[in-house]
Amino acid sequence: MINKIAPTLRDAVAPITDGASVMISGFGDSGLPRELIDALIAHGAGDLTVISNNAGTGETGLARLLALGRVRRMVCSYPKSSGSVVFAELYRAGRIELELIPQGTMLERMRAAGAGLGPFFTPTGYGTSVAEGKEQRIYDGKGFVLEEPLAADFALVKGYHADRWGNLTYRLAGRGFGPVMCMAAKTAIVQVDDIVPLGLIPPESVVTPGIFISRVVRKDA
Amino acid sequence: MTVPPKLSRDRVAQLTAADIAPGSYINIGLGIPTLVAKYLDPAKEIVLHSENGILGLEGLAEGDEGDEDLINASKQRLQLVRGSSIVEQALSFAMMRGGHLDATILGAFQVAMNGDIASWSTGAEDDIPGIGGAMDLVVGARRVIVVMEHLARDGRPKLLSACTYPLTGKGVVTNIYTDMAIIDVVPGRGFVVRGIAEGLSREALQAATDAPLAYADEVAVLSAR
Amino acid sequence: MINKIAPTLRDAVAPITDGASVMISGFGDSGLPRELIDALIAHGAGDLTVISNNAGTGETGLARLLALGRVRRMVCSYPKSSGSVVFAELYRAGRIELELIPQGTMLERMRAAGAGLGPFFTPTGYGTSVAEGKEQRIYDGKGFVLEEPLAADFALVKGYHADRWGNLTYRLAGRGFGPVMCMAAKTAIVQVDDIVPLGLIPPESVVTPGIFISRVVRKDA
Amino acid sequence: MTVPPKLSRDRVAQLTAADIAPGSYINIGLGIPTLVAKYLDPAKEIVLHSENGILGLEGLAEGDEGDEDLINASKQRLQLVRGSSIVEQALSFAMMRGGHLDATILGAFQVAMNGDIASWSTGAEDDIPGIGGAMDLVVGARRVIVVMEHLARDGRPKLLSACTYPLTGKGVVTNIYTDMAIIDVVPGRGFVVRGIAEGLSREALQAATDAPLAYADEVAVLSAR
């Protein structure tokens, strides 16, 4: 019997090791897997590469993970939301590496990794500093930059409902980065509001099929 | 000497909004652009896109707290309109990069006469860089509309022969709405003024612009309200 | 007011001109826009390039379009389903051009066109005749072939429900090629079982948002 | 001379099915592979993938006509199991190419000792070529399992030193189940037999194979039923 349900948040993040790369869903506060991040903080893994659109705000969640010195490298598109104080301090002090990627390129690089594609040409960033050092090409009269797939060891994702096969729905625009991160990570770990009986999510309403998911866990487990 | 006449932020937003065709799909960025939404005629059914995967947004009703999973790129809470849709973010960026948006309306630090735009970094040493979705928007939207003040806070021109800050996109801007003028970026001609604030002389506009200005056959006089 | 509803099938296909490239959804009989194909046959446009997974079976639909000599070039992955007699005859007689593409590459090339990407590297077909004459590259120890975006002037797609903005759902696995074809075509024309009032399709259930759609039409209109 | 003992198609399918781990996501192709589904133990909850975007399929109940929008790659009508999902075809191929399927089980014209497979064209002049999803499956699935008869209809070996027909994929096959043997393709070693039909001699198996055969430390004897 397929059973991807982890009994607790703690169990869900247990396989994350020092030095791992971890994708974290979310766009600002929307779609952010708060409970899984807290579990990761409690778990203690460090020297992490975190791949997430933003770099945390305030003093909790991702910002706290950063403040505790657990993150060696941040890969994101926009680490300067208002309230991203912790990241700014670490960055100015030279205590964290930053790979800055246009958001669409970040999404597409993750999708390429999940979809088994190699590098691809995108027009985004052509003629800007983002393109420096990268292969460039004119195609159909337009400039393109070659970008590589972006995979990760783990993804921490916020879903809405899941069943024991790992079939997932998301809540409103909390969907966001979830689907591509689940594809691009070797081990996708998803927190949900509710785990429902198999068959309850209509087949056409499943947004991310269980094939991409390793573990699901209730956010209050 | 009198202060040169300038249009209010709201008036600039209103002029921009008037120029969006009915049924357009548009993305609206931070700064003055957020005001544009206020002036869109509901009868025109212009559909607002937000990069996190939403098509069809509007401001919250008075007193409504909104929902943390219904926000726009500025992280403001909004609500869905009738006919809205929510998709994954990769598909949202496919809309942006793939030429499906009729227009993106965004602010900028600098715009050059060849359509280059600098909007994400001043290149300052202690600057925390952040790109977000801007590079995808400017490379993909059918029209790239910059809405901004004509001069920087320190009084320096923001419309230039060439940008000095790091670029967001190369040769992409199509129209500029400022508190002094409406200017099209025309390949081969550069900045072409098609509207000028009432009471503002062409000399004064040129003095505020660090690139040569051409004028359209018909130049509208933009009243203060 | 946005109104993408075409009054009749005939109106829906009216803009298709001689020499146009036309994507047609469907996987075998599933997801095939039969009524739109019949309207295209009645409309009379010829010298077409048709991009569709299969090349028609029996004597109706796409097979009839082929039999009438309206198609100059067929782009597909699998033109040899049982019953693809019309195509086989034309092909053996040298009266139709064929571009044969692995199915996943076909889908991904359409997606690239719709998503504004340039060429991309895919492992599919590496080391086979499909890769001949194409740029190839070893990346991460694996062989890849460079493939180009595949766009079209029109797409004829079978949807299930639509509203006047063009928001779409599909029926079961009839979904298939629909979403990528709607993205990749300049003008996407969709037949549906029913046109519903705006707002009736829940926002999270919209599979293809109206931004990708030019016209929707009831299949019996 | 007696006819060399061969396993039935059903027995080959059964042996293949027994070798799939519980909870696997697998794709099953045309020919003998379709029989494999019949022998999968329901308790193992093995999830069948169909390239048109379905995960979780099973045969129709007796007398059920099925639905034209619920078919598999062979265009047979099937039904959904509890826990199934339906996605767009591009995502379905992302599963295939992206290494998310535990196994693909397909037929072949030829398999070479380096793992090359030829399954889509005999290269004959009047052949209508058709690739479908085969090239994506073999390049992406974690295991590529070929199920076929050991010899072609004309008696020629299908397991070769090198394929002569156009390739579907290069160096991709991991396991082969035939009516004579179970053979793994091991990089650097080539064909390694780990099961042989009861009553069949190693000499007879070698004679039916146009490439050198190595043997695993333990070679199972495959009974006729």
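First chain written, first letter: the chains are A, B, C and D, and each begins at residue 1.
In this section, contacts are C-beta pairs under 8 Å (C-beta built on N, C-alpha and C of every residue); 3 or more make two chains touch, one makes a residue touch a chain.
In this text the structure is predicted, and so the values were computed from the model without any measurement.
The minimal number of chain-to-chain contact steps leading from subunit A to subunit D is 1. For the pairs C-D and B-C, the larger set of C-beta contacts lies at C-D. Rounded to a whole number, the gap between the C-alpha centres of subunit B and subunit D is 56 angstrom. The mean-CA centres of subunit A and subunit B are about 30 angstrom from one another, to the nearest whole unit.
Centre-to-centre spacing of subunit B and subunit C amounts to 35 Å, using the average Cα coordinate of each chain. Residues of subunit D in contact with two or more other chains: 54, 86-87, 93, 96-97, 139-140.
Along subunit A, residues 108, 111, 115-117, 122-123, 172, 175, 203-204 each make contact with two or more other chains. Subunit C makes touch with subunit B in their complex at residues 1-2, 111, 113-117, 163, 165, 167, 183, 198-199, 201, 203-204, 206, 209-212. Of all residues in subunit D, only 22-23, 25, 43, 45, 47, 49, 54-56, 80, 82-87, 93-101, 139-140 touch subunit A in the complex they form. Chain contact summary for the complex, subunit C toward subunit D: residues 27-31, 77-81, 84, 87-88, 91-92, 98, 100-105, 107-108, 110-111, 122-130, 143, 171-180, 207. Residues 50-54, 67-71, 75, 86-90, 93, 96-97, 116, 126, 128-136, 139-140, 166-171 of subunit D are the ones touching subunit C in the complex. By the touch criterion given at the top, residues 108, 112, 115-123, 137, 139-140, 142, 144, 148, 169-170, 172, 175, 203-205 of subunit A touch subunit C in their complex.
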